[in-house]
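Can you keep this structure in mind? I'll have questions shortly.
Note that the chains take the letters A, B, C and D in the order they are written out, and that residue 1 is the start of every chain.
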Amino acid sequence: MAEALHDVARIAHAELLTPKPDESLRFFVEIMGMEVEAEEGGSVYLRGWGDYLRYSLKLTEAAQPGLGHMALRAWSPEALERRVEAIEATGLGQGWTDGDVGHGPAYRFTDPDGHALELFYEAERYVPPEHLRPSWRNQPQRYVGRGAAVKRLDHVNVLAADVRTNRTFVQEVLGYRLYERIELDDGTETGAWLSLSIAAHELIYVKDAYGASGRLHHLAFWVDTREECLRAADLFVDNGVYIEAAPSKHAVAAGFFLYGYEPGGNRIEVTTGGYFVYDPDYEPVTWTAAERARGQFWGVHTIESFHTYGTPPVEPPA
Amino acid sequence: MAEALHDVARIAHAELLTPKPDESLRFFVEIMGMEVEAEEGGSVYLRGWGDYLRYSLKLTEAAQPGLGHMALRAWSPEALERRVEAIEATGLGQGWTDGDVGHGPAYRFTDPDGHALELFYEAERYVPPEHLRPSWRNQPQRYVGRGAAVKRLDHVNVLAADVRTNRTFVQEVLGYRLYERIELDDGTETGAWLSLSIAAHELIYVKDAYGASGRLHHLAFWVDTREECLRAADLFVDNGVYIEAAPSKHAVAAGFFLYGYEPGGNRIEVTTGGYFVYDPDYEPVTWTAAERARGQFWGVHTIESFHTYGTPPVEPPA
Amino acid sequence: MAEALHDVARIAHAELLTPKPDESLRFFVEIMGMEVEAEEGGSVYLRGWGDYLRYSLKLTEAAQPGLGHMALRAWSPEALERRVEAIEATGLGQGWTDGDVGHGPAYRFTDPDGHALELFYEAERYVPPEHLRPSWRNQPQRYVGRGAAVKRLDHVNVLAADVRTNRTFVQEVLGYRLYERIELDDGTETGAWLSLSIAAHELIYVKDAYGASGRLHHLAFWVDTREECLRAADLFVDNGVYIEAAPSKHAVAAGFFLYGYEPGGNRIEVTTGGYFVYDPDYEPVTWTAAERARGQFWGVHTIESFHTYGTPPVEPPA
Amino acid sequence: MAEALHDVARIAHAELLTPKPDESLRFFVEIMGMEVEAEEGGSVYLRGWGDYLRYSLKLTEAAQPGLGHMALRAWSPEALERRVEAIEATGLGQGWTDGDVGHGPAYRFTDPDGHALELFYEAERYVPPEHLRPSWRNQPQRYVGRGAAVKRLDHVNVLAADVRTNRTFVQEVLGYRLYERIELDDGTETGAWLSLSIAAHELIYVKDAYGASGRLHHLAFWVDTREECLRAADLFVDNGVYIEAAPSKHAVAAGFFLYGYEPGGNRIEVTTGGYFVYDPDYEPVTWTAAERARGQFWGVHTIESFHTYGTPPVEPPA
């Protein structure tokens, strides 16, 4: 990991697949409060008011919901080169693409579980059009306040048949740091919370209860306050958005959450809170099954679907 | 006062005059988040998402900004009769009107300072159209969440040349209870906070610094949380709404505030907080000039215009 | 009801019985943040920082947890007389006591379900000692900020074998107004939310799942913000207080809640939010069993014990 | 800067000098809610509930208030070596100390303005005593909730005679990144907001209005929510702590603030909010004097002392 450290800066955006593109678009614009920054090749590129790159969500029509790909931004051209070399050494590399709306050439690869990833460096900073120009120049965009008014994509939570293999891959090859994990009594790792920064989690691997591969658990979008999560829940209720888990506080990573399903079937989180890890020698917290049985931070027990449902949906094993 | 007590239930709505009706309407709909419930006779009737009568704001074009009138609702037909009799006895009664959108016959009168008031009993409860039907039936309307998303009109603050005379009038004739007041060393009363309920203030008289009559200091709209006041301030900034007083906490009445000017020139407050007065023998708190010189609750000193500006605007006395 | 209306002002205090007086006292002082205002006759009298009478909770040792009594304050000496007469007419009156710490003569009676109630008028306003003197005189006491720092008692929720009989009693005899209720398909009323003021609930009757009499569901203490409920939940967790229901929003009455058990076994709520009923002709909302099956406002389903547990605890019927 | 990047992890703690050690200690324990972790050599070492190193504040008696020193933690032993070498090359190095409570050998140096700094790597992770053990193991300490209950030291704001020279020094020698700055029309740099992480500011240089050297503007302590800043203001008021700037939102860096003076005379901030900088090529925002004249985010104009007062206090230049 040491050599990968600091070479990757962030998750720049995620591509979400939806079988109901119009309804999903309406959800992200009207309910989540995002802006359409571009439409191209059948995809719509959406941004939160706090994104300073052009967008953090790419919405693409597909037969099944799920994660199209997740795009990471390298820290520098040299860092990009180093990481591509390391990826290629794993045999999981797929080669370069010309880039996409808002960013330059990207190297495409997968994690061991098969999730599609891209890594690029060149990116366009957002320039707001007149009607979205903010009053203060250190804000990338005007605060429109529509719907849940999410600020930006915060983290991506994917399912994997084998958590340990995948989180080790992103640690060693991409420089992620591990802050928390769950390990059952038999040694199976069922969850891993990873980050490239002081934020408590940016990428999460959770064991796929059905043993499937390449699935998405949820995309999480940031708001600055817990009050905004509560307000988002009111908006979900009055707009008929299915709430899978009402606002509460996670035990793991201590983030505040609201989970719902967007019309295409993907789980979406509105999140805030958590803690910061400023020290280089932070010892990951390992949770036992017994501890996890206590529920969330305030004792809430999440419903079964939270532990089994992912996109694309699959049948439970016989 | 004893006989007037409990005869008047509430301020049902206020009529605001504006020389810029289109811009004012856009402000109340887009920035304050109200809904247009009716348009009639050149006026627009607006409601917050928590109003269970049809509206709480009537917006009317006029050459000058200011308060058109303030409409009170009596507790019962008998209470209405009793109050009209009492008003007539003061010589300030003007007679009955046929009513207006959403309410029945109203008795028109003025307070001693000349502000127009109406008192009625019959009122229509709001029935939401399909697109505003709430998910839970104890909510009068869907929570749309647009702009500051104010819930309802909260209180009305008027200026008066002589505060004591006017607040005594509403105490004796309308049954208002006095919770706080300011009295200068020379015995002049410069402010009075009155209520018909446990809420810390519903009607406020403040001395008109210019000695004028019939002017409005501000209309205050309620939000449930201080976070919504802070969020409203962000919306004001990014929409170019002039903020006269940034969010903070009042010393008198302890309410949380944000003050701005709507395009027509009237001062508008977004408010929450305060305290409840449950007891019948609450002793009004009387503040001295020395105490008021300490500023607001956390020491903020409001700017000069807050103590002089009202609508319609008038010239300072020579 | 009409003649009883406005004769009773509020619930002045509740007496809580506890088999663990020392631990209960520590809970209310350290975790809930109340102050000891007096100790007399084996009871401790506690106040929130926003109580302007001397106290709102009386804590008394007893073999079993439960509600000792609930004390109501009449609006005036005349109102007290009128209500006592009305109570006596029901046959549920028990006669006068000399009063208690902080209040004068009280008339003792029960509701039909057997809960002990008292009604008085004379009461002492709180005068803070030097170390609790607030900076602003419209606050009854300094904000100490210890623990959950509850402001005052907010409402009392009792269980009753027959809800309809009891809520009709408090409506007719005490002037309570009914704002919401639950009625099963067979016509059984299983819950009633009542108030003496614009506050959405001050007294709640819920059907005793075990058919017992005179039991308490919970006492609710007010905080001004939802953030304080969330903070209280953190304090409960770290102090080993059992959380029965983590912070969320009620469907009925729309209040924000946190439920836990104090060491004596009584259920305690930390609450805020809700709505105000300003109009005299508010039509109570009647919920069906089907609607209640949707859970709380954001879909949370409260655990079984919430619907069965009360104090004193009793055995489920065979 | 490129070679220094990522070599320094964070500000581990700050040492505050106070002429009133007992009163200052009481302030940080009772009002700010910190815990005493150690006392040694006449200093008291204090921690917030979210510090995972042992402490973040060292309080030391002195004739004058001010900053004793600021201690930075290197990312690794190798990074420490590299930075010491770079510091020595500037001629501002002073040599090694044996360390202090909770950390190993530290290299002592000053910035060009003369503020004392230390850099170390070895540090002890906090192990809570029984009475402060948290319920969840990913929290370093129980949430006690006393006073403002600050979580940890957040940032340090120092005054400097020449801002540009000092911020360039910490960029080049320590790897700080510059996110925002103020530049007057004559080219003078009057403020610089720097960070080692995605947090919008960790170290701030502001021009000393009196041209003095080595002075402190303020230490800022973190809380997770704006509501906690508002609550802290209530506690300041009722405890007689001087509030220099009531809660509001900064224009620069967009953080939420409350400023007061601790009994020793040092300015203290309770802060939250702001934004995150995830990208490596973030272009610093440069503010003009004209833009700064607009006041804070919501238009609040900070009082004169905010721009002149620092510790130790000095006389204005003649």
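The criterion applied here is as follows: a residue touches a chain if its C-beta (ideal position, glycine included) is under 8 Å from a C-beta of that chain, and two chains touch if they have at least 3 such contacts.
What you are looking at is a predicted structure, and each value in this text was computed from that prediction instead of being measured.
Student: Would you say B-C or A-B is joined by more C-beta pairs in contact?
Tutor: Between the two chain pairs, B-C has more contacting C-beta pairs.
Student: Work out which of C-D, B-C or A-C repeats the contact pattern of A-D, with more than half of the residue-numbered contact pairs in common.
Tutor: Duplicate interface of A-D: B-C.
Student: At what distance in angstrom does the C-alpha mean of subunit B lie from that of subunit A?
Tutor: A distance of 46 Å separates the two centres.
Student: Let me have the rounded angstrom distance from the C-alpha centre of subunit B over to the C-alpha centre of subunit C, please.
Tutor: Whole-Å distance between the two chain centres: 32.
Student: Residue numbers in subunit B touching 2 or more other chains?
Tutor: Expected reply: 136, 225-227, 234, 237, 297.
Student: Using the touch definition up top, name the residues of subunit C that touch subunit D in the complex.
Tutor: Those residues of subunit C that touch subunit D are 134-136, 142-148, 225, 227-228, 231, 234-235, 237-238, 240.
Student: Spell out the residues on subunit B that touch subunit D in their complex, using ranges where they run on.
Tutor: 226-227, 230, 233-234, 236-237, 243, 246-249, 296-300
Student: Would you tell me which residues of subunit D are touching subunit A in their complex?
Tutor: Against subunit A, subunit D makes touches at 5-6, 9-10, 50, 52-53, 73, 75-76, 123, 125, 136-139, 180, 197-199, 224-227, 251-254, 273, 275-276, 278-283, 285, 287, 291, 297.
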